[in-house]
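Each structure below is given as structure tokens.
Presented sequentially are two complexes of subunit A, the first with subunit B as partner and the second with subunit C.
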Partner chain A sequence: MASRRTRYSTLGLALPALALYSVFFVWPLASGLYLSLTDWNGLAKTCNFVGLRNFAELLGDSLFVSSIVVTLKYAAFVTALQVALGLILALLLSSERIRFRPFLTTAFFLPKVMSAAIISVIWTFLFGNAFRGALGLIGMENTAFSWLGDPDRAIYSLGIVEIWHGLGYYMIILMAGITAIPSDVLEAAEIDGAGLWEKTFHVTLPLLAPTIGVCAILAAANSLRAFEIPFIMTAGGPGFSTTTLAYFIYNTAFQSKQFGYGCAAALYMLAGIMAVTLAQLRIVQRKGVEY
Partner chain B sequence: MKRRALFGLIAAFTLSMVAVNPCYAQKPVTLRLVQWKTEAREAIEDIIAEFHKKYPHITVSMEIPGQYDSYIQAKAAVNELPDVVGLYGTGLFDYAKSGLIQELTGAPFLSRCTPFSLRATTDQDGRVWGLPIDGSAIGVYYNKSIFQKYNLEVPRTMAELEKVCTALRKNNITPFALAYKDAWTIKMAAVTCYDNYVYGPYPDWTELRDRGQVTFAGSPEWRQVLDALRFILSNGNTNTAFETDYDTAAVMLATGKSAMLVQGLWALVGIRSISPEMDLGMFAMQAFWPDAKLVHFTDLCLCISADTKHPSEARLFLDFLTQQQAALTWCRGARLFSAVKGVKPDFDPITGDIFAYIDRGDTTTVHDRTWWSSFNTTFEKVLQEWMVGSTTDAEALKKLDDLWDRAKASGNR
Partner chain C sequence: MLSILLVMIAVAYMLPFAFAVTSSFKSKAEILLSPIALPRSWSVRNYVEAIKRSNFAISLMYSLTITATAVAGITIAGATAGYAIARSHSALSLALLSFFGMSMFVPFQTIMIPLLRTAMSLRIVGSVPGLILIYIGLGCPLAVFLYYNYMRAIPRALEESAVIEGCTHLQVFRHIMLPLARPVTGVVAVLQGLWIWNDFLLPYLILQKPLTIPLNQVYFYHSFNRDWNYIMAMFVLSTVPVILLFLCFQRRIISGLIAGAVKQ
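Let's look at the complex of A and B:
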């Protein structure tokens, strides 16, 4: 009797969270799955069931394929640099030799609390008139290149904005990881004659590996969903050079009025992000270090 | 007895007021109007105030949201389409096919609109789905003062256009202001070309393409369009074209940094806000095609939601908008032409140049209203990709063919 009561009370306590999860995650996912099997245009009150046609057509859609390539380039660039630079900053700001640590920590974290829309507008101005104008002041206007107008460079320019935006967040996570390393392990290394570099590379970094792995997973998952920055700064252009997968989905569903087709692309994106995340998790679990 | 007589008198008076003025008995109604023209906000609010004076029980509440297309689509998806909604082009017929807007065929106020403007809201079966409100034009804005200063004429041949561009560059003036960061502005340049080059000799090119009798890749006319666009690109702010947006290009023209801008009439409001006294003109792109006409088309159309709870009041509002004074007020505010017969707004000296084309019959309309919906949204991106050198002429035209075929398969026109 007591265990049944415990089960009911557990269920009752979990019910609100389950309800929210169902409404905001399960139901949209199920709706998206259903719509991906139809030709709904986002407006009509009825639609036709088309089976897996949308999924098959996407594989032959050059714009879909190119958006995946753009997204992977963007995600690789952003993830690598965000985690690497976040790690460097975390190591530096964890050292007591650095002055004004609280101020610097806050300054690096501040971009993360700003909305992506605002920073996109600011950086559009910087990449456009500001940098060109600054070079003009020193008579070097002719050396200015196009940050957002060059199709080969634009995606990396957007990546710089994303890196700047999210860097502080991963820095904070890594700083927490560094703080969690027991001091006696580091002291033992010092006693054994390890200098700063040895302690960093042979003690701190290996013990920090799981945290670095978590940061890489979060950064990758976030950058694979890139939308606001390409949407505001370049509208996916020039051409399709910054059309990420999320932007392709938005364009297809809302601009081209192919909602079913867009839902199918979104499910491909979900599967892709899950695959990447699972792969990263396996690597992290394999590379974990115990002490 | 006296008290009863007094009450009787008051009751009779009240009833007579109701009989005389039905508005006292009518329930107040609020109509939601949503459209995108921020530049015409004041003019439309004046019209709304006049409408309310005439129909005191009807209040029109106007909203001008950002990201207009997405906003309206989202509202449609949750059955909250406003009572009166602004639509245009192929989007209007998408909403009609989806049963979201009311058919207006036979509405008396439609007879006050010009037949040309009604074509924009009439489907292939002759059913009318919206009230056309205003009309616009797309051509080449040019700074008459700069042209006069350097003894330049409106170019009517390629040689004349090259001479104009050379003279302007020699005097450190950028010939064309290019805003190609906003891909839709590329379409404006393309429209002035293909509506003449392609749809001039082949008015039914869309139908021919659908039947597979012509293709973009196999069409010498479309190659001419690319040649014209290439010329414009190489005679503008080429190095910064893909970082310059629509507003910046308008500033370039308004401040005399450039002398020409290929755009629609809607750009006039922004240009005049910077340079109200500028001597501005507009011409059609005859340098590339001698018989080129000015592109002239219906812009905003107002439609009534199929689910509106106030259909009669919505029709009263549309009827009011076709009255001469309301039509004139709207067009003076929006700085556009009216769809109403006999309304010739004199909102700007530039109208002289444009009416010269209209009165001669030297106008053509936009033909992308017949294109597939999803093709329309990617057309200018393909041109932008071609302009930055990512594709060759042949590759770009082939891509347009592939996109057309895929859009046709989706069935959304």
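Let's look at the complex of A and C:
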């Protein structure tokens, strides 16, 4: 009797979290599944059940397809450079031969603690005024191109902002991974006559592979959700060249008032992010077994 | 040599801040004519104007209140639930953990539209307490996991002796478990505090007024589109609190973020 009462009273402690999580996450997720099967417009009290029509229509919606292409371009660009540059910086900053390491770590990490919304404002200024001014100083003002106004280039300009913002985060995760490599492994390699180059490529990097994989997953999952930077810097333009999937969902719901349609697009997004994450997870785990 | 090169790259990396600071002291015309040069005079006029026109003090108050209350709520809800799960039977704790775990994969945009619908039917659109409750609901799963992992490893003998002494479960939690789990509380505060302080889309949808600092910055940017002198002053004001906080607690913030990354 006493033990049963104990069990209930401990479980009662989980109630606040369970209640708020259910109301603001589980219930919206479930009602999103239902709304995606309707033509709800966001205001009406009622809506019609349309089955899978939204999902089928999305596949033929050129704006939806283009938003996926834009998002994939952005995510590939951002993920590759964040992980590669983060890795190079982490290797350099973990080396005892480099001086001023606390300053360097702070400098590269600092942008991460700031809001993406706020840095979007300053980068709009940089791309507009400051870069032109810098080129003017060296007499090359005429060669200045429009960073945000060129439909082929704009999405990569936004990618640069994202890379600048998040690079330091992957750098510190990788630095922690390097610190965790047992020093006797590296000493053994040294005794065997391995130079710095060989130690890095044959000992450090293989042992770091799982951490690199974690970084790639985090960077991909994060950049596939890109919203604030295109929303504030380019409003999805010029044309629809920077309308990411997250932005497409926002527009569909809050500009075109097609809430049901937007819910369906949001479920495609969920499926996409889960697929990418699980695929990467499998690759990382396989790599982990190899070494 | 390599050190010098890296220092130069790091300085270049921080040039956006340098631009913002120098521009915030220039006049509008000066920014357009000589964007690179140092300001002719270090007048704080732009700051005075930006603070006045944006109601900066009010947004600072709201950001502080929302972040502090939501983080406190996440800590309490997450720690109590993490403790309850750590001390319940394995089948039940597994079920609860997977229930909370669902949220890990799901991007905010997937629940964004129905969440707004829920908020409308609960009549909390435009409400600051409502926003805080949403933050607790969305932020507690990570806290549940971190506390669960930590408290699971704390030996039960500690609690049992306290119960024999006549403590209730709430007292055990409050006076034994929570103080022991202080490192987790630090991690949760860093991760969720930074997220909420910097968040844009959720308060944009729920509050629909420029009440928090990121919202204020973006609204200000839209309404003073070409007045870069004011916008830059506003940028400096908006980022100074979080930069100062980071410089003071750098080691703790970085280790908190690493712990969060490994858990996810």
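As a convention for this text, the second predicted complex is superposed on the first by the 265 of 291 C-alpha atoms of A that agree within 3 Å, B and C clash if a C-alpha of one lies under 4 Å from a C-alpha of the other, contacts with A are read in each partner's own complex, and residues count from 1 in each chain.
The definition used in the following text is that a contact is a pair of C-beta atoms (placed from the backbone, for glycine too) under 8 Å apart; a residue touches a chain by one contact, two chains touch by 3 or more.
Please read these numbers as outputs of a predicted model, since none were measured by experiment.
Engineer: I'd like to know which partner A:V23 touches here: subunit B for first, subunit C for second, both or neither.
Structural biologist: In the superposition, A:V23 contacts subunit C only.
Engineer: Between subunit B (first) and subunit C (second), which does A:D61 come into contact with in this model arrangement: first, second, both, or neither?
Structural biologist: The answer is first: A:D61 touches subunit B but not subunit C.
Engineer: Figure out whether A:I98 sits in contact with subunit B (first) or subunit C (second), or with both, or with neither.
Structural biologist: second
Engineer: Quick one: subunit B or subunit C, who's touching more of subunit A?
Structural biologist: Answer, by number of touched residues of subunit A: C.
Engineer: Under the stated touch criterion, which partner chain does A:V113 make contact with: subunit B (first), subunit C (second), both, or neither?
Structural biologist: In the superposition, A:V113 touches subunit C alone.
Engineer: Touching A:K45, do we find subunit B (first), subunit C (second), both, or neither?
Structural biologist: first
Engineer: So in the superposed three-chain picture, is A:S241 touching just subunit B, just subunit C, both, or none of them (first/second/both/neither)?
Structural biologist: It touches subunit B, and subunit C stays clear.
Engineer: Scan A:S183 for contacts with subunit B and subunit C and give back first, second, both or neither.
Structural biologist: A:S183 contacts neither subunit B nor subunit C.
Engineer: Quick one: is A:L270 in contact with subunit B, with subunit C, with both, or with neither? Answer first, second, both or neither.
Structural biologist: In the superposition, A:L270 touches subunit C alone.
Engineer: Residues on subunit A in contact with subunit B in one complex and with subunit C in the other?
Structural biologist: 42, 132
Engineer: Touching subunit A in the complex: which residues of subunit C?
Structural biologist: Within the complex, subunit C contacts subunit A at residues 2-3, 6-7, 10-11, 13-14, 16-17, 19-20, 23, 31-32, 34-36, 76-78, 80-81, 83-85, 87-89, 92, 96, 99-100, 102-103, 105-115, 117-118, 122, 133-134, 136-138, 140-141, 143-144, 168-170, 173, 194, 197-201, 213-215, 217-218, 221, 228, 231-232, 235, 238-239, 242-243, 245-247, 250, 253-254, 257-258, 261-262, 264.
Engineer: For a test of understanding, state which residues of subunit B touch subunit A in their complex under the given definition.
Structural biologist: Contacts found on subunit B: 69-70, 73, 76-77, 94-95, 97-100, 180-183, 239-243, 373-374, 377-378, 381-382, 384-391, 399, 402, 406-407, 410-412.
Engineer: Touching subunit B in the complex: which residues of subunit A?
Structural biologist: My answer: residues 39, 41-45, 57, 61-63, 127-128, 132, 146-151, 234-241, 243, 251-252, 254-258, 261.
Engineer: Could you please specify the touching residues of subunit A with respect to subunit C in the complex?
Structural biologist: Residue list for subunit A touching subunit C: 6-7, 9-14, 16-18, 20-29, 31-32, 35, 42, 92-93, 97-100, 103-126, 129-130, 132-134, 137, 164, 169, 172-173, 176, 214, 218, 221, 224-225, 227-228, 232, 245-246, 249-250, 253, 259, 262-263, 266-267, 269-270, 273-274, 277.
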